[in-house]
């Protein structure tokens, strides 16, 4: 088991290196001379040359890339912001918890709403509850979260004046953003849970359990859900990426000082080191999340578990 | 046929599936059957004849919706199972009556160890037993069906198909049931494994003094295992009798058709005679004999009137106008 | 159906198409959604006929009007007719979404076929590259690409397309891996058919069903991504009307007019819902086994 986890962690490293390379080169190609961005359009040519020299911008592309990675790995240094002149990592670490908090908040809402309703709706297929939740699920999945956010603000902040429309100072401020992103993701979790459960609910082993005299509740929770976990978990893991993307939009709508807002602001200011650092951080979080889901699989799916635990034994047997 | 004598006696059982697109599908129609203590009754018929639905009906696990038991009664040791509460039924399932399913590859929960799956049924029906005791019993069951006890903590995917069926049998027999329903227990297995499994079932059945309802479409299996045989067609019994009656003196044209579609090993090379056509659509059964459209001997009466189950001789009954008449002629002539 | 092999199914393609069509016709919701989507597409295409004056006709004295016969969705902050702008905006949104899905489909088919058909190292390299793209959340990848290439219609197409390529590659590759070793492909290879010929004649027809479903659902997703990107100011730029751009402008006037927010939003939701329903219905119709 440890061997497997170690292997997965090691396998993640090349992916992350490739991700960083992709992001670095994409933003390297972005328009605008960094020196000019920092010093302003009317800076004298000599100052710009000097700045380029200082930033190492005249070095070959690969040298710049390796320097960037080297600095991150050895000193956790993501470079200097063009806009503020401060280390990027300072802003990133300041904003990162907000985004993760928001994403976890959405995830919590998503699981609370999506999972139980999805289970119920599969157990009572074609009932009123099922029809209603499937319909709401369909609408919610099709609703872009930036629009839902605006509509929620219009209703709850501007008309009813129940909840604040922007900022991030307490529970009250979290409700609308979490609903904005959580709702559509809850719907997609609901749909997956329902179909995964339906797939398992007609399996023979469920009948075997019935034939044993097991109670319906135990059958649903243990035998059906136990086998439906894998697709459900996959969606939860994949959704985390969507939550991070969605967080960018909801941070923008609700003026939440998270990584997403920081990135959009930095893009507008052409503060590329900041963008690069932010994207890298989000991509790493997403990869780590997927890794966690993969590791969870092995606890759930014995076919994977035994594959690694009994590797040697199986080889001999076959 | 006195009800108290038989271990299981089914009377006038009808089961329907009602779906939105298909309408009402009559899977089992006015079916009556008796199973004596200690005997093995074979239910033989084509795919879709309603055999599995009968088994599920007895177990009380007809999927609902869309399935519904519309009438009849199922007496088990004199008590009507259909009148029992869900909770009482759960006590009987797995303990007094248990079932072996067709496909061992899918009948075991892939995420539980085989030990957990055997222990599950023991825990449900022997609430007083301690953890260690239950585990001991599970190991013992595994060994009874010929699997080394130390494999108890392995998962289903680590076993072969035949081994899995042994495990399914272990689960079914764990509580020494009085009635075992085996739904095509060997269909999904290789021929050599089939024989082993049948032998195992026969042996354990004798040891535990269990009665068995064996569902199959394989007449070879019937010959090997069954005391009595019921031929099922379109959800009703068309012929029933001792295995000897059925093999020696098959009266219903459908039964004859079943035997004619078997290749003969011993005899000369004869051409197989498959039964033409297919089972009638259970959502649209004909008014007369359901087999009439495929029957070579069908007459007007067969098309119009639904035949009764009539005695041929002794305990041998057949549901066919022509066969019953012929028999009487035969008796008259002889 | 299940027992028949792929080759036989291929022969029955015509009857299968008919059967699929028949099954979709049974699904009333799907029919309704097809009608809705058709109406949206027709209205959007006829924008020039319905509103020949164009989307830019301003009349500041007529701003923030509620819906009336003259302006059925009301007017925006510049007194422009919201209905007309939704129509013209739809042109851009739908065009960009469809184009980006097509780009993604083509790239996905290409890489998926190559990876699935040749397998081995080629497969490994392609799939590892896809892993890298999958490691970055779609929206974030689109944002980075849009930042690099600058905003505009063509870059939006690319930015949105790149993120959905891995999905297509996976959908295409998996069935090919199994078809590749099927007997009829083996026999085609045995008589000396070239890979490209085998892929085009034997493999693509077999995966078309899944691809069509994925395209339908992909367009729905693209609409959301395109509008989202424009909403963030990284996609299609004002004054060109686009549903996301319109919403982004509407943000500033939410107190004054709810129609600026609701109308483009409803247009997005309706298009996306109908595409999702059509996609689901197609999937069910093509593979009835999935629907229990």
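Observations on the model:
Note that the chains take the letters A, B and C in the order they are written out, and that residue 1 is the start of every chain.
Everything that follows uses one rule, which is that a residue touches a chain if its C-beta (ideal position, glycine included) is under 8 Å from a C-beta of that chain, and two chains touch if they have at least 3 such contacts.
Everything numeric in this text was worked out from a predicted model, so none of it was measured.
A comparison of the A-B and A-C interfaces places the larger number of contacting C-beta pairs at A-C. Ranking every chain by how far its Cα centroid lies from the centroid of chain C, the top place goes to B. Averaging Cα coordinates per chain places chain A and chain B 53 Å apart.
Centre-to-centre separation of chain A and chain C, using mean CA positions: 22 Å. Counting partner chains per residue, chain C has no residue touching two or more of them. Every residue of chain B that touches chain A in the complex is listed here, in rising order: 59, 61, 65, 89-95, 98-99, 101-103, 106-113, 117, 120-121, 124-125, 154-155, 157-158, 168, 171-172.
Those residues of chain C lying in contact with chain A across their complex are 128-129, 131-133, 135-140, 143-145, 147-148, 150, 220, 224, 227-228, 231-234, 244, 247, 250-251, 254-255, 258, 261-262, 264-265, 268-269, 272-273, 276-277, 292.
Touching chain C in their complex are the following residues of chain A: 14-16, 18-19, 22-23, 26-27, 29-31, 125, 138-139, 141-144, 146-147, 150-151, 153-154, 158, 198, 202, 241-242, 244-246, 248-249, 252-253, 263-264, 267-268, 275, 279, 282-283, 286-287, 290. Residue ranges on chain A touching chain B, taken from their complex, read 126, 203-205, 207-215, 223, 226-227, 300-303, 305-306, 310, 314.
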